[in-house]
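These are the structures in question, set out in turn.
Two complexes are shown next, each including chain A; its partner changes from chain B in the first to chain C in the second.
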Partner chain A sequence: MLIEVLHQRQQQHGHLSRDTLAAVARQLQLPPAEVYGVASFYHLFRLQPPTPHRCGICFGTACVLRGAAALAADQEQRLGVRRDDPAGDGVWSLETISCIGACALAPVLLIDGVPQRTVAP
Partner chain B sequence: MTPAEPSAVLLRLCDASGCRAAGATALAGALAAGLEGLTSGGPPPRLKPVGCLRLCSRGPLLAVDRDGISTLYGGLSPAQMPALLALACGRGEPAPIRSAALAGHVVDHRQPFFALQRPLVLETCGCVDPTDLDDALAHGAYRQLQRLLATATPAQVRAEVRRSGLRGRGGAGYPTGLKWETVALQPPGPRLVVANGDEGDPGAFMDRSILEGDPHRLIEGLAIAAYAVGARQGYIYVRAEYPLAIARLRRALDQVRDRGLLAGTGAGSFAFTPELRVGAGAYVCGEETALLASIAGGRGIPRQRPPFPAQEGLGGCPTLINNIETLAALPALLRMGGDAHAAIGPPTCPGTKVFSISGAVVHTGLVEVPMGTSLRTVVLTMAGGVPDGTGSDGGIKAVQTGGPSGGCLPASLLDTGIDYDVLRVLGSSLGSGGLVVLDHRCAMPELARQFMAFCAGESCGKCVPCRAGTVQLADLLDQLVQGRASAADLERLVQLAEVVQRTSLCGLGQTAPNPLFSTLRHFRGDYLERLQPLAPWQS
Partner chain C sequence: MAVVTLHVDGMAVAVPAGAPLLQALTAAGVTLPTLCHHPRLSPVAACRLCLVELEGAPRPVPACVTAAAEGQRLATDTPALRQGRRLIVELLFAEGNHPCAVCVADGDCELQDAAQRVGMDRVTVPYRHPPRQVDASHPLFLLDHHRCILCSRCVRVCDEIEGAHVWAMAERGGRTRLIAGLDQPWGAVDSCTSCGKCVAVCPTGALVTREDVPLSPWPGP
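So, the complex of A and B:
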């Protein structure tokens, strides 16, 4: 149940704050440490608020072979943000993500969660 | 592909994530608007969203079924909408093939990429509307389940699957029938079935395609497995990175529940309740004991085996865990019978396998071929080899199989027939079926470093060899790639990799060194040329 509840809360609030995690622990009568443990274990649970827009770069094998690293460096420069810094510039953040299975179109960008085909610089 | 009835023209639009990323949604909108604006008489063409049409590199793809002939178009955009509609509506003309506006968009259906496929798992993927239960039923969904409930005992179903020789498609290649027997023969009590859809291997997308294209086939397969081992409850675990697959599966499960298809009122009074569980981003959850921990709501941390999940799984109950593709293979397998299935491909590893092809090839996408088909046939004949590649190997340097737990096979081994045992002997593994083709620009140490860094990032942290070892190995590979490693460092790298392989708790750590070992075995030169030259006093 815990993972489903965390998914729901993240969908409602955008991320899982300390208060949210504490509330989940009370609701499910679980030790706060266990709730935090699960929330911090999985990559897709965000413990910090996300920026309004997010640019994801797939780092699956096919995407890496077709220039994902160069694409990430290029986006870092263009957006003026550091890779995998959830704060970004307050509007945009840049994250590397694990394979989304659209390998045939590599390299793949995700703009606000929507996959887009692109070309490496 | 099934042709449409002669009168109505059918536009089958690939609505899987691959084609969506290539612009299928905009095309669907344009086609729908164009169809609405049609004023001419006669039955209007029907637009039908379908699952993967295979050739992802030419996406978005649209198949036009007219007069019993199916034509495939690729690389489409809303700009081609008027020409497509004109073709679809053109009366009295021959079947739609030639049109100046679409000249560059026709995809030859007779090319090896399509002609050499043998679809069983994917037989209705691309034909059936994945959001429509009635369409799935019209294509034969749940027919095998109903037949078996009415005519076969669970033991007979297990015997049939044993006879078929089917082996688990998740990567280990364990005989499916044997696993089923183990679960079924446990002491009396409740049993559970789990479909493992945590397809985390980079480069693999066959499970995603099955879930997005034909979710009812998976549900039917899971229900058959449940009947065969005596389970009344089951879970389908899908990784959260696949939102479209999750949405389609959720809808399919709702449809099945609303219609009472598995409610046990029909023949045999077999009631089964499958539930969806969504992951949250952890590669290690593909390991079966970690998967169970995640379904139970905890951190995805594996545990020591035995006891195997087949003996003691969720809540202590015997639990059958099968991969999505394994389960989706069941309806076709049971329809043709175990013996007919066993006759496909090599006797030790029969059946068909779905491969996802990506990397440096002309045609990327999804193919289903008999097991034992040679790598050359798949990546060169079907996928076309490296673009502008020359020579007998089509410019291919190696084929990466099995993701981070697999390895690389050099071009000299292209004639190898693909199956679990052969690839293992060659130092790689088939894994779940992702084939990433590498050209001569790809440097093996970089690739090994990429996979090692991946494993270091995905290690759950429970056992030391994997937690600390993968980090050290990634560091050493970093040094090597940057030309800061000596021959002694390379030796240390191999020693440490052997320790990690032998002493890690679960498959993630045990197989993490595989890409390193296989590239060292076949491409040692790539490593040696990165080593620091010896100082004069060392030589």
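So, the complex of A and C:
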């Protein structure tokens, strides 16, 4: 129930702000600490507003074997942002993600949620 | 209530059916070091220090959450268990920042006691030296994340006994940390009743009474 509501709120607002989490806790009559604990546990919940553009790099087993780490380091340099820093440079952010099931494309790189055909760097 | 008989290190003991194995160990006079277990709180089997070997089980089982059943045979002090216990304590020391010599809990710390019990004379795994914070926002108590071993006793006592539910665990894996409210400074969480139960159950020096604030008499309700 809590997770469903969090998903819904994130779809509405783009991320889960502290105010949103407090409102969810009130609505579901749950302790705020528990709501924050659950929201921060799952990577798919964003606690900070997303940047306009997001670059995701899959760190699933297949992608790691096909050079995901090097790809991520390369993208860090190109974009000039730190990995897994949700604020990024204000326009782009770089996040590492878990397997999305597109292992045939490994290493998988997503731009704004869309997998790209990439080659190993 | 049905009583079952089982063997702890060869000694026959009788406990109520379904009681945690830890109770059978106590009946047999065996005390294992435990960190997450607290007799008044629900068990979570987080610290894994009470692992015992149960005949017929494919792997060691945590005695705090395994139910006693008729005819079980337990071993509590095998070389593998001793080695495992010591490694667990070493990992706890390496995971946080635990310099006993400068800790307020020195001499009154269950982690330190556990280290002595398992014979940890040094730590054989690399220290993480994680950068952590100290939360001194509460007027009476102090939370030092460096010394927190994430046993969750404070989370449980606040939820199950005080009913304030100030605490929870946030994030996951190596980044797991204790939070108050919506990851707020402890002093800003208005559901905290300042009862001090979390401080009382904390096995380490992570939650302590502030020494810089003189305790004033309770002003009355």
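By our rule, the second predicted complex is superposed on the first by the 121 of 121 C-alpha atoms of A that agree within 3 Å, B and C clash if a C-alpha of one lies under 4 Å from a C-alpha of the other, contacts with A are read in each partner's own complex, and residues count from 1 in each chain.
By our rule, contacts are C-beta pairs under 8 Å (C-beta built on N, C-alpha and C of every residue); 3 or more make two chains touch, one makes a residue touch a chain.
Treat the numbers as computed from the prediction; the structure is a model and nothing was measured.
Student: Looking at the overlay, what does A:G37 touch: chain B (first), chain C (second), both, or neither?
Tutor: Both partners.
Student: On chain A, which partner touches more residues: chain B or chain C?
Tutor: Counted on chain A, the partner with more touching residues turns out to be B.
Student: Once the shared chain is lined up, is A:L21 touching chain B (first), chain C (second), both, or neither of them?
Tutor: So A:L21 only meets chain C here.
Student: Would you sort A:I3 into first (chain B), second (chain C), both or neither based on which partner it touches?
Tutor: first
Student: Let me check the overlay on chain A: which residues of chain A are in contact with chain B and also with chain C?
Tutor: Common interface on chain A, chain B vs chain C: 34, 37, 41.
Student: Residues of chain A touching chain B in their complex?
Tutor: Those in contact with chain B are residues 1-4, 6-7, 34, 37-38, 41-45, 59-62, 64-66, 97-106, 108, 113, 115-117.
Student: Given the complex with chain A, which residues does chain C contribute to the contact?
Tutor: The touching residues are 159, 165-172, 179-183, 189, 191.
Student: If we count contacts the way the header does, which residues on chain A are in touch with chain C in the complex?
Tutor: For this pair, the touching residues of chain A are 18, 21-22, 25, 31-37, 40-41.
Student: Taking the complex as given, what residues does chain B use to touch chain A?
Tutor: 17-18, 20-22, 56-57, 59, 199-205, 208, 240-243, 277-283, 294, 297-300, 356-360, 364-366, 400, 403, 434, 436, 438, 442, 447, 450-451, 454, 460
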